[in-house]
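Quick one: structure below, then a few questions.
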Amino acid sequence: MFHSSTSSEPSTKAYRKVLTSTEQGVHVERWQLSHDEATPDCAFLWKIHKETLHGGKQEGVDVIRIDNGRLRFSVIPTRGMGMLEAQLEDLRLGWDSPVKEVVHPQYVNLGSRGGLGWLEGFSEWVVRCGLEFAGAPGKDKFITNTGDEAEMELTLHGKIANIPASEVEILVDSEPPHCIRIVGRVDERMFYGPKLELQTEISTVPGSNTVTLKDSVTNRSSSSQEFQLIYHCNYGTPLLEEGARFVAPVKRVWPINDHAASLIDKYDVYSGPVPGFVEQVYCIDPLAEENGLTTVMLRNRSSDKAVVMTFSTEQLPCLTLWKNTAALEDGFVTGIEPGTGFPYNRRVERELGRVPKLRPGETRSFEIDFSVLDSASQVAKAAARIENIQTNWEPELVRSAPKVG
Amino acid sequence: MFHSSTSSEPSTKAYRKVLTSTEQGVHVERWQLSHDEATPDCAFLWKIHKETLHGGKQEGVDVIRIDNGRLRFSVIPTRGMGMLEAQLEDLRLGWDSPVKEVVHPQYVNLGSRGGLGWLEGFSEWVVRCGLEFAGAPGKDKFITNTGDEAEMELTLHGKIANIPASEVEILVDSEPPHCIRIVGRVDERMFYGPKLELQTEISTVPGSNTVTLKDSVTNRSSSSQEFQLIYHCNYGTPLLEEGARFVAPVKRVWPINDHAASLIDKYDVYSGPVPGFVEQVYCIDPLAEENGLTTVMLRNRSSDKAVVMTFSTEQLPCLTLWKNTAALEDGFVTGIEPGTGFPYNRRVERELGRVPKLRPGETRSFEIDFSVLDSASQVAKAAARIENIQTNWEPELVRSAPKVG
Amino acid sequence: MFHSSTSSEPSTKAYRKVLTSTEQGVHVERWQLSHDEATPDCAFLWKIHKETLHGGKQEGVDVIRIDNGRLRFSVIPTRGMGMLEAQLEDLRLGWDSPVKEVVHPQYVNLGSRGGLGWLEGFSEWVVRCGLEFAGAPGKDKFITNTGDEAEMELTLHGKIANIPASEVEILVDSEPPHCIRIVGRVDERMFYGPKLELQTEISTVPGSNTVTLKDSVTNRSSSSQEFQLIYHCNYGTPLLEEGARFVAPVKRVWPINDHAASLIDKYDVYSGPVPGFVEQVYCIDPLAEENGLTTVMLRNRSSDKAVVMTFSTEQLPCLTLWKNTAALEDGFVTGIEPGTGFPYNRRVERELGRVPKLRPGETRSFEIDFSVLDSASQVAKAAARIENIQTNWEPELVRSAPKVG
């Protein structure tokens, strides 16, 4: 969309390797590839390594580790093509979850703990919430086999993060800049239920400081189908620290509950780890440039390290900020979460008109760019870009949580 | 029982291969056998191939593919010894489920979606519903560890289709006609719960157009135990099409709900795919020949292709017809379902006297013959046989759904 | 603690083998070690064999079998480091569960059957119940992500028996008596939930008749955390038989419900198998020696075979006796269950002050010695030791079940 060098149309001359395929009956246990085999002319010493994790709840989990010669990151096909973490020199994107393993979906019962079972596997840097539903657990209606409306318990953040990818492929362009792509398909399908298909391409250009996530969600049913999609992007140390800041062009921000309301004046500033911290969640209408793109940033205290996320507010109009500066051992983390909606229960989101529908065969696309900044000048430049979008608009702070549900 | 050539007593001179055994600690990943190795004198070029599926939700699923030299079909030990599909030339038995993978039970949470989780793995040609319970989800009583009666949520169609077989063996008779048998045991056992054992023999004679399913269910407890068993046999294209017909000797047929009642006059005729179609379910008391056997058929519009199912109404007195001529992408399918009961919740079935009990150590046996017909003359002959059973009995059509529950 | 030869500090000169490690990405499928390789000077011909089970619901389950040259026993890393059984010549510790396989956790849905799903995998000699909760299913409160109190359904006996070990290691002391240790770590961790860590060392001295279980439970959260721990130690034939006796120094014993109350006079005597038997559960305050240790025994009718369990009543103040002398095919078994509490629902246990809390970083340790006695003189000696503890205290038998909950 906005990075032509990582467009969805890979060069026809590309290195290809299928790592997983339900159609071909393929599952590669271990594999690696490096620049000298595939792109000997490339100036950056990239490599890709696919392994299978072992032990405990991570037995059998596939992980693909990509090193673009400068930026390293990892993708988890077994957990819905989420991303575990990224690293640029000593700057890590991701967080230290109290969940220490990359948990195999077989060990996650989404319905447990009153619908909060998803939290037993939550440890990723980037995890998708969706697709049939995302957000808070609780009752909502659905249509049964008999065509009747019935009630079901939605579970926190839906299923997609606990569905293994059906197709996974590595592509490396033979033409410079030799873009590296991890392509995957995750099916959220059932009989008498949604037939939603997630197609993802996670790409990086060797030597760059950027990972690009391009998703498309397609409704494979003959009927219209609601869906929800929230990109739960999570950051802990070293970016998150006392004095770190969330920087974004904001039209309006409101607290999700009274607790968050009481602290809204500092919604964009972080404390250090606080034992017993209770999460604070803010809903944001972001402003965008004329092309529809917005830029948001989490920067450290000294403003010389940051992550910048760029996305389209047409695709992802809702931005949730989740502050959870709890003790390190309990998960010191903040979530920056662009989505098609906010993380209220789907019943609430539907009432507020924030549950999109896909017509039969319709596809919607989503793209997020993640860039790692490791110098004061880069951070200042990103801050200026954000400030520029904010120009002419005074952010509106809503001081009380809306009554919903 | 009624096919002496496929009796449960295999020739003592038989080729044997254990593919799975909990007792011997055996699990064969990949294996094959063909006529020239085991029965060089056999005129039919049969072969058997056991493989393990990979990718997505089917990672680790065992499938046994049998080709009898004319008819091919596949058995899924990992999903309770169900049958995925059969094929005779261009005539396929089975259907195109929106569930595209042969789903491993680890990815099925039967309790999800208000007890409809079974639908996340539903893609088979023949899938057993049972054994402790089958049919609709909903509350029913059970006996807890303290000997007290309590309520539990039954889940749609029970557990047996999501329990992997404990013992799987291939047998090929050394004597002509060299019957090929896939023998398996599936245990539905728990402490303070049922101790039900399913023993199955799925057999075919090389060169024939028939698969025979012989099951026995044994109560391994010292107490009597209820059980339910419905053979959910599912057919899509090419047999199912506009103008296809369900042909059976019928004593009485009634609709399961008002929706089905409104369309009962055409209960045995199929439409083509209809987007948004709501299932129609009919309950049938089938007539039988004097030996207790009945024959039912699904035939295509031009009456030159059909599947015929033969079974004993003493063993399986209840026949459910499930019509679901939805859009192709949502599951265009009809189920012909002989059972010990109908698919109401067990609570209802018990009230109506349709939940059989097994005494301690008691075994009940069930047999269904599936024959694939691919000529007008064969179809006409089967129709005549069915008509002959119907002679002297006018089918009774009950026009309103009984009040139950 | 009380067996210096099996202290938690293994000799620095020890044979070491990592079998499973999430940190190192290790999972050894098959391995063995024997005395001649590791301790050629040892007089006892010990060996250790690690295998992976196959077939049915036990596909992929790890089992470590230890033979100390006299006593054999097995440990199940995949099921939370429980112990399947022990054997000294023809005397077996363990029981014949109607669950015939060592069930992989992927096949256990703890929430099923009204929270009794644990019973689908229950077949061990020694299984831990806990750690966040143990005992009866039913509602109890918990704290959600928003810091609010909410209700969840606790499931029977908690999760720990269905969590695979993250780290498993074998150690054999190079110094006599060449103690063999199986060391493991099981994590019961989630985000917005407990961060409890079980560290276990199961050890035996070659040639001895004893297995020692040393556990420590650590709270890895920055907040205090409740926990519960019950050692469900289960015995069937040959020890359990008509006339077998439970022998323990008892301060007070009370029935858990009216059914048990009606039979309290014979609470320590066993019948043979009785079809349709309903469990009888007794709660016991055990007496201890001055050093805090108590000894309890299950002996056979002729008093020449027994198992003796020694533990500290400071660590494990509550002792549950579970009598389930049902038919052999339904599970003829008794449970001797030292615990931090009794198996009421946690809500009840908390009210009665029996749910301990761990401060941040705090560890509590637990140790049980299991000795197999196979002569009348050994049994008499153990009986005398128990009688000695009982001296000066008349056991109090409470004749009615307390009203709780």
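Every chain is named by a letter (A, B and C) in the order it is written, and numbering of its residues begins at 1.
Definition applied: contacts are C-beta pairs under 8 Å (C-beta built on N, C-alpha and C of every residue); 3 or more make two chains touch, one makes a residue touch a chain.
Source: prediction; values computed, not measured.
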Equivalent interface positions on chain A and chain B, same or different at half: different
Superposing rotation of chain B relative to chain C, computed on C-alpha atoms, to nearest 5°: 120
Separation of mean Cα positions, chain B and chain A [Å, integer]: 42
Chain A, residues touching no fewer than two other chains: 106, 109, 111
Complex contacts: residues of chain B adjacent to chain A: 51, 53-59, 97-101, 106-107, 109, 111-114, 116, 119-120, 122-123, 257, 259, 275-276, 278-279, 326-331
Contact set on chain B toward chain C in their complex: 20-23, 25-27, 60, 105-106, 109-111, 142, 144-147, 150-153, 155, 163-167, 187, 189-193, 195, 220-223, 360
